[in-house]
Amino acid sequence: AEPGHKKVIKIGVTQSVDSMNPFLAVRLVTGSIQRLIYGFLTVPDSKTLQPSPDLAESWTTSPDGLTWTFKIRQAKWSDGQPITADDAAWTFNKMMTDDGAKTGNGPAVENFRSVSANGQELTIKLKTPQASMLDNPVPIMPKHVWEKVKDISKYDAEVYPTVGSGPYVAVEHKKDQFVRLEANPAYWRGRPKIDELQVIFYDNPAASIVGLKKGDIDLIGRLNPPDFESLKGDDNIVQWNTQGRRAAYLQINHGATTSDNKPIGDGHPALKDPRVRTALHYAIDKQKLVDEVQGGLAKPADGSIIPPLYKDFFWEASGAEKVTFDLAKANKILDDAGYKRGPDGVRTMPDGSRKLQFRFSIHTDTPIEDKLAEYLTGWFKEIGVTLTTKRLDSSKFTEETGTTALFDIAISGWSVNPDPEEVLATHLCSRRPTATGEGGGTESFYCDPTYESLYLQQQKELDRTKRADVIKKMEERLYVDAPVIALYYPNDLEGYRKDRIASITPIPEDKGLLYGGSGYWPFYTLEAVSTDTKTDGGSNAGLIAGIAAGVVVLAAAGFFLTRRRRGAADERE
Amino acid sequence: MLEATDLQVEFPGRGGRRARAVDGVNLSVGAGEIVALVGESGCGKTTLARTLLGLERPSAGRIAYDGTPLNYSTRSLRAFRRQVQLVLQDPMGSLNPRHTVYDAVAEGPRIHGLPDEESVVAGALARAGLRPPERFFQRYPHELSGGQRQRVVIAGALALEPKVLIADEPVASLDASVRGEILALLLKLRDELGLSALVVTHDLGLAWNIADRVAVMYLGRIVESGRTEDVLTNPQHPYTKALLSVLPESPARIVLTGEPPDPTRIPTGCRFHPRCQLVAAGTGADACTTIPLPILPATTDTQVACHLVPAVDNS
Amino acid sequence: MSSTVEELEQAPARHGLLRYAATKAGGALLSIAMVIVATFFLFRLLPGDPVRALAQGRNMTPEQLDLERARLGLDKPVPEQFLHFIGQTLRLDLGVSYEYKRPVLDLIGERIGSTLLLTGTALVIAVSLGLWQGARAGWKPGSRFDKISTAISLVLWSVPTFWLGLLLLMVFAAGIGPIPGIFPTRGSSSVDKPDGFAGVLDVGQHMVLPCLTLVAVVYAQYLLVMRSSVIDEVGQDYITTARAKGLRDDDVRRRHAVPNALLPTVTLVFMRIGFVVGGAVTVEAIFSWPGLGQLFYEAIRVPDFTLMQGTFLLITVSVIVMNTLADVVYHVLDPRVRSA
Amino acid sequence: MLTLDELSVTYRLGAAEVPAVRGVSLELASGEALGLAGESGSGKSSVALALLRLLPRSAVVGGRVLLDGEDVLTMKWGRLRAVRWSSASIVFQGAQHGLNPVRRIGDQIAEPLQVHKLASGAAADRRVRELLEQVGLPAWRARSYPHELSGGQRQRVMIAMALACAPQLIIADEPTTALDLMVQAQVLTLIRQLIAEHGISLLMISHDLSVLADVCDRLAVMYAGRLVEIGPSSGEFKHPYSQALAAAFPTVGDPASRLAPRGLAGDPPDPQRLPGGCAFRPRCPVALEECASTDVQLLVSGDRAAACVLVGE
Amino acid sequence: MSSVVWVRRKRAFGKFWNDFRKHRAGVSGLVILGVAVVLALIAPLFIDAGVTNVVSGTGAKLAPPSLDHPLGTDESGRSVLLMIWWGSRTSLLIGFLAALLSMVIGTVLGIAAGHFRGWTGAVILRVTDWFLVLPSLVTALVLAAILGGSTATIIVAIGVTSWPSTARLIRAQTLAVEARPYIERSLALGAGHWHIATRHVLPNVAPLLLASTTLEVASAIVTESTLAFLGVSANKTSWGTMLRGSYDWGAATAGAWWYILVPGLCIVAVVMAFTLCGRALETVLNPRLRTREA
């Protein structure tokens, strides 16, 4: 492209980049940028979200599912060096051997026994079968560049242009301000259609909306409902509202235990009773929550922890199993189970020992959760259950709801990847904290034999359809047993300027996501409106106007003051 | 009554040097006697007065009241302060602007837990010439004239029925036309109650007005003392002579040059010699610059600390 | 008197300044030591397990957590951690950020420039404008100029910084009605910042709104302080003397009242630097200004233990240092205390 | 040279008015030294400040102040600035406050020279040195700051400053109050010597009659904003207030005052609440009935004039 | 005699009121303040915490001012007017209590630092100076983050970081008062530490303390709103949390100016009222300023 007529697209984000070193970075925004810079073994298909070839052209699995062989594509790094299986092997081996390199994606190689390379052939040996092998989140790094790094854990990777194998190359990063990416001409799928992609950081979400409306940025993802609403009515802006990757649910302390099955925490005993959990489930008007809390920009959850975006894996309740808002039914369940109402209308345990008074743990500083809490409190009151809200800052929240189990009901949620294994695993027995109260990563303290066996089954099942069936059974189990109660699936809300972005392909192509999606498709296919010039003219005009105004004001003030002074000089002291 | 012996008071001065504000003073105030302490600014008059009240600890020497040495424990200090009271220069400042006259006068009785507070206060006010006392009870200092304020301060002291009054420049900030009244009050109290008083002043006219005895202080020492008539009409010490000579009426002025001396650097020999008109005129003796003078004893007779004045016959 | 006497008299004075500066520096060091110790214990009070907080919901095995804990030195007993912390801090090592995995000092180093630029400019403007206006207002209390200035500053003084910033952003960056949004919505420079003078202009344009916000709130305080300081001087006899000498009113103010009134303000000006720093946290958050305040705010939100500790330490220590400097500067400026 | 004609000064305090000076008329001949006495609050300083229009804005000035025939009160500001200090200068009461604490005294002495364009640069320096020597201070003191000087030295600096523009008139407002006895004597000697040498007119204000009598040719006594007596400094006072004031400072050695302090009964008047008739009547030892109604003006008797009905007799 | 005292007090107050009345700004501040405080106090007679409950919002979301909702509604359809009214209770409570806390600490330490000359005073002064230079907002932010942002901790965080200036002021006043001759006189009468501190120093610093507390309340309210805005306050509805809400819910971009302006203007108005009052009190009660004005 001619200089000065570069096609530039600017994306606004409300999180700054934590580290340009993929071995260390954990933030979502950084992950999105890595997707654009580096190749992965596979990439979700733009239509079906099934794993499809990326750097790995093809792959095979041994019958026992323990050995995977990937054929690495004949392509070049952005600096012209060929990409080989050795690069991938080096990347994985580095993570397996260097603790410092585990920070970013450590768990992804946890199950690896060994990784070896032979020309373009990469062989990974696993400890146990793993169906999610094809959703490996590790970017493949150029060995010839990175092997020179002495201590990965201290390396900030601020070297530009970066050497990568994705559609873009990072050429500049200003901390807390922006990352500038240029099209990678050597990209194996072909050069992207625009010349430059800028990822611009806003600390203040309101300012980013202003920026989009003004044209300071061209696209912004991960909007919250009110900001999304405020884009309405702007002719230049497309409001992008689709199914999201996330499920929001309640986590219920149904008798938390440690990994050696010792009780932990101070959960309310009534919640151990599945009937109470079901009754609570009946007392939640999910549609109302969607309307009031999410401004209608979500889908009520008639399923479990996997959102309908992932058609293959989504399970929806039906028939008798299906729980719909019904306070009478909820009351009846509780009455039948022997939780009698006291004189104050609050139910007590059947033995009369405790009132059904639950705490609801939410985060500080999250109005959505506040609001949710108020609605739940209202409905639960109708069924004789008192709910008190307990606001916790995020570290305390994580500790109380994830390790020490000092909660009754807590807000929870998970953004699901194209392969749902990660979220399924958060409800495994092994994820409960150890006897010493450490570690874990459970989202529910759940430990259910049925669920466990189903999990093992889907892990080994390499046939996608069969595996999906097993996974749906797991979701059903969660739905019925209710250690977690799914509330709704928030929509993915984005906005972009159509006077700047000529076309952009979501992922999946049918009603998919833009910024928030998996893979690089939207930003690879992005096309800019061609009349593009640098926007400097405009901003300079503003500047000049501003300076001129300032000068006028100063001159006027100066004139006024000197006049006053001259006047005063001979008047009075 | 009140007697100071070889009193010395030091202050930490600049640069680690110590300022000897009072440098060896013997002074006594007899019963029913008014003693004036005169001297120029910074010579240590106020420090001496404060030390006599126990507000400042002497670094050497001692103070005795009625023969018993002053003890600095809280209790005995308090007891001592019922006997010896203070009147300060600035009556406005000596009264808390937020306390009424009654509160101000009753403060002493309250601290000492005297019974029948109100009659004590009324009595003290009446004695200080504020009659009828009730009319003044609820007034605030700013509603009084300067002279009335000073009377209130005196009444506050009288409320404790002290034996000795120490007055530091009691009329210096009062209007000329009012000062006579206050001085007359002091004289009257002496006559009626037998109160002793130490009046600190730089005004020789004042001393002449009311004092029985005068002590002239220079740089932390008393350089001449004796009966008022003797000292003021027939001064012996060159310093006293100079002080008297600069009074407007006096015929021949001896204006001393230089600044009031610095208590952190006391000259050797006679401490007055750098400014002494006799030394300047060359009539001084060698001793003036080299031999320190002895401290004058606390007698009531006229005495002078000067190498050039032949010792007065003390017999 | 001869000049040797003069030298004799001046020597201890100069000596006095040195000693004064040394005392002040000693005091500052003591304060810094207190800050360091306090910081350590303050941050140990933080609820929750920092390592878990770091995991941010990512699933980590107990072994990984242990590893992380060991890496951060959190597995050792508190006294040992304390000694380690002290030693580290004394070596000017503020530890490694949990979140960014990089030395806190590096992170600070990357952002301190923009903060200095913003707060420095704001401070210079606020001080000069505030002092100038305060001096004029205080010179004729009750005049129209005084009334207007005082009113403005009282309003500004009452306005929460962040709110003002938001309003300015909405009005002058977004544009409302006839007012065009001529100022950028974020950051300290454009992505395509041109070189040379145009680049300076670019940064200048970005700085207008955040700077205005900071100035507005801070300058009011300087104005009020200077005003009352000048009012204190106006009644002084030396002012009457100066007028009696036949000086013009303005000259009396400029040559006599203001220099004297400035002296007590010096300390206050510096004392308020802490306020500017505090204001910078909100302003940087609103205008996405990539500075220390933003880093600190981010550290609190994560929460990033070491980063929070490091930035807090740095901010506090620099304020202490500034204040100490102010004391010494005051000492040099005021001839009365200089040789006292 | 200086004529005050019915000068009045009234301070406005919110709604209240404080008549500080109520019709003062006097004349000061060239080369003459006039003393103005009176106790605190009688309006002495107000008179002094009114002479050069230095009063605060809350003061309303009436009457005329003729300086060499020109009315100071109606002068243009430019002219007034020119007159200030070059025709008449002031030595203030509190020398510690009359000097700017943060400027070197040399600069402060030179300032009027520069303002009135009489000298600048090296010439001004020379003049400053000269002036300092005139008041008996070493020239190097020009580089000192006020706080490095003692009270007496500062008062000398004030005097040097007053002399800077060689004015015909010096107004000295309590130049020795708050100074020590000996220092006071030094300063008075200096003033006496300077007016004798330069032929300057002097208006000296003090509350101490004896000090004034010592320096001045004529004495004026103020009470409650009025002149109550004016006459040569030698000789007996006629007004009972002046007499009482004189008696308040006893002569050492005078047996009459030994152990007999004398003063006036009653309190000084509050300018906001002056009694009708003669303002001094409530305290007057010899008050007559008519004093309650007649507001006595200055009555001339021989070489002095006094505002007392007894004087006319 | 006590009736005489009472009459005296009344007259003293009358004089004070006369002086105060002359400060028009101060009086208007006092009026605003009075209205705000009275409204906050009587709020429970008319409304309850229910108005801040999201579920009970009756209006449309972010509806502009109308007859039903004179100041519009927020993101949940709650009346901004009612929330402002109810929220004033939290804002004022935090303002007053934080100021009170800071005043108590400041007074005790200030008097102690001024009264005890030896090392006690020196140590207190050192500590005060140390706290004084700590950037108070930053410190409060850290404290609130560490202690969790309940109303009580916010009060503590603000109180603990704002006392040093009070202590400084009180110390300076104490020194000034103790330099007065009446302290010397009192000592000569036999007074002890306690007597001096309570009978002389405290009554003399009390008026200034009142003025400075008034100013302190103002800054506490601003600090609370800033802390709320920065998200460390898990408070009940206050003006600060409302502003935070307006920010979180995109009121600015949605053009819901009432939701941003009203709480902000309330803060400005009340803070300004406190400031005006405080300044007027200062001029009326501070003898130094008073003589200047005279």
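Letters A, B, C, D and E mark the chains as written, and numbering starts fresh at 1 in each.
The rule we apply is simple: contacts are C-beta pairs under 8 Å (C-beta built on N, C-alpha and C of every residue); 3 or more make two chains touch, one makes a residue touch a chain.
Computed from a prediction, not measured in an experiment: that's the story for all the values here.
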| Touching subunit A and subunit E alike: which chains? | C
| remark: One chain pair leads in contact pairs, namely A-C
| message | On a C-alpha centroid basis, what's the spacing between subunit B and subunit E, in Å? | response | 49
| So, what's the distance in Å between the C-alpha centres of subunit B and subunit A? | 87
| task | Go ahead and note the Å separation of the Cα centroids belonging to subunit B and subunit D. | result | 32
| query | How far is the middle of subunit B from the middle of subunit C, if each middle is the mean of its Cα atoms, in Å? | reply | 54
| note | Where subunit B touches two or more other chains at once, the residues are none
| note | Going by residue number, subunit A touches two or more other chains at 206, 210, 213, 393, 396, 569, 573
| query | Which residues of subunit C are in contact with two or more other chains? | reply | 46-47, 166, 169-170, 174, 243, 248, 285, 297, 303, 340
| said: Quick check on the complex: what are the subunit D residues that touch subunit B? | reply: 39-40, 150, 152-153, 180-186, 189, 207-211, 213-214, 241, 244-245, 247-254, 257-265, 267-268, 283
| field | Of all residues in subunit B, those that touch subunit E in their complex | value | 50, 53, 55, 74, 77-78, 81-82, 85-86, 88-90, 93-98, 100, 107-108, 111-112, 118, 137-138, 153, 156-157, 160
| List of subunit C residues in touch with subunit A within their complex | 46-50, 52-53, 55-67, 71, 96, 99-103, 106-107, 110-111, 166, 169-170, 173-175, 180-192, 194, 198, 201-202, 204-205, 208, 243, 248-250, 252, 284-290, 294-295, 297-298, 302-303
| query | Of all residues in subunit C, which touch subunit D in the complex? | reply | 1, 3, 6, 9, 236-238, 240-248, 251, 255-256, 259-260, 263, 333-336, 339-340
| said: Per the contact definition, I'd like the list of subunit A residues that touch subunit E in the complex. | reply: 205-206, 209-210, 213, 224, 226-227, 229-231, 292, 295, 364-365, 367, 370-371, 374-375, 377-378, 391-393, 396
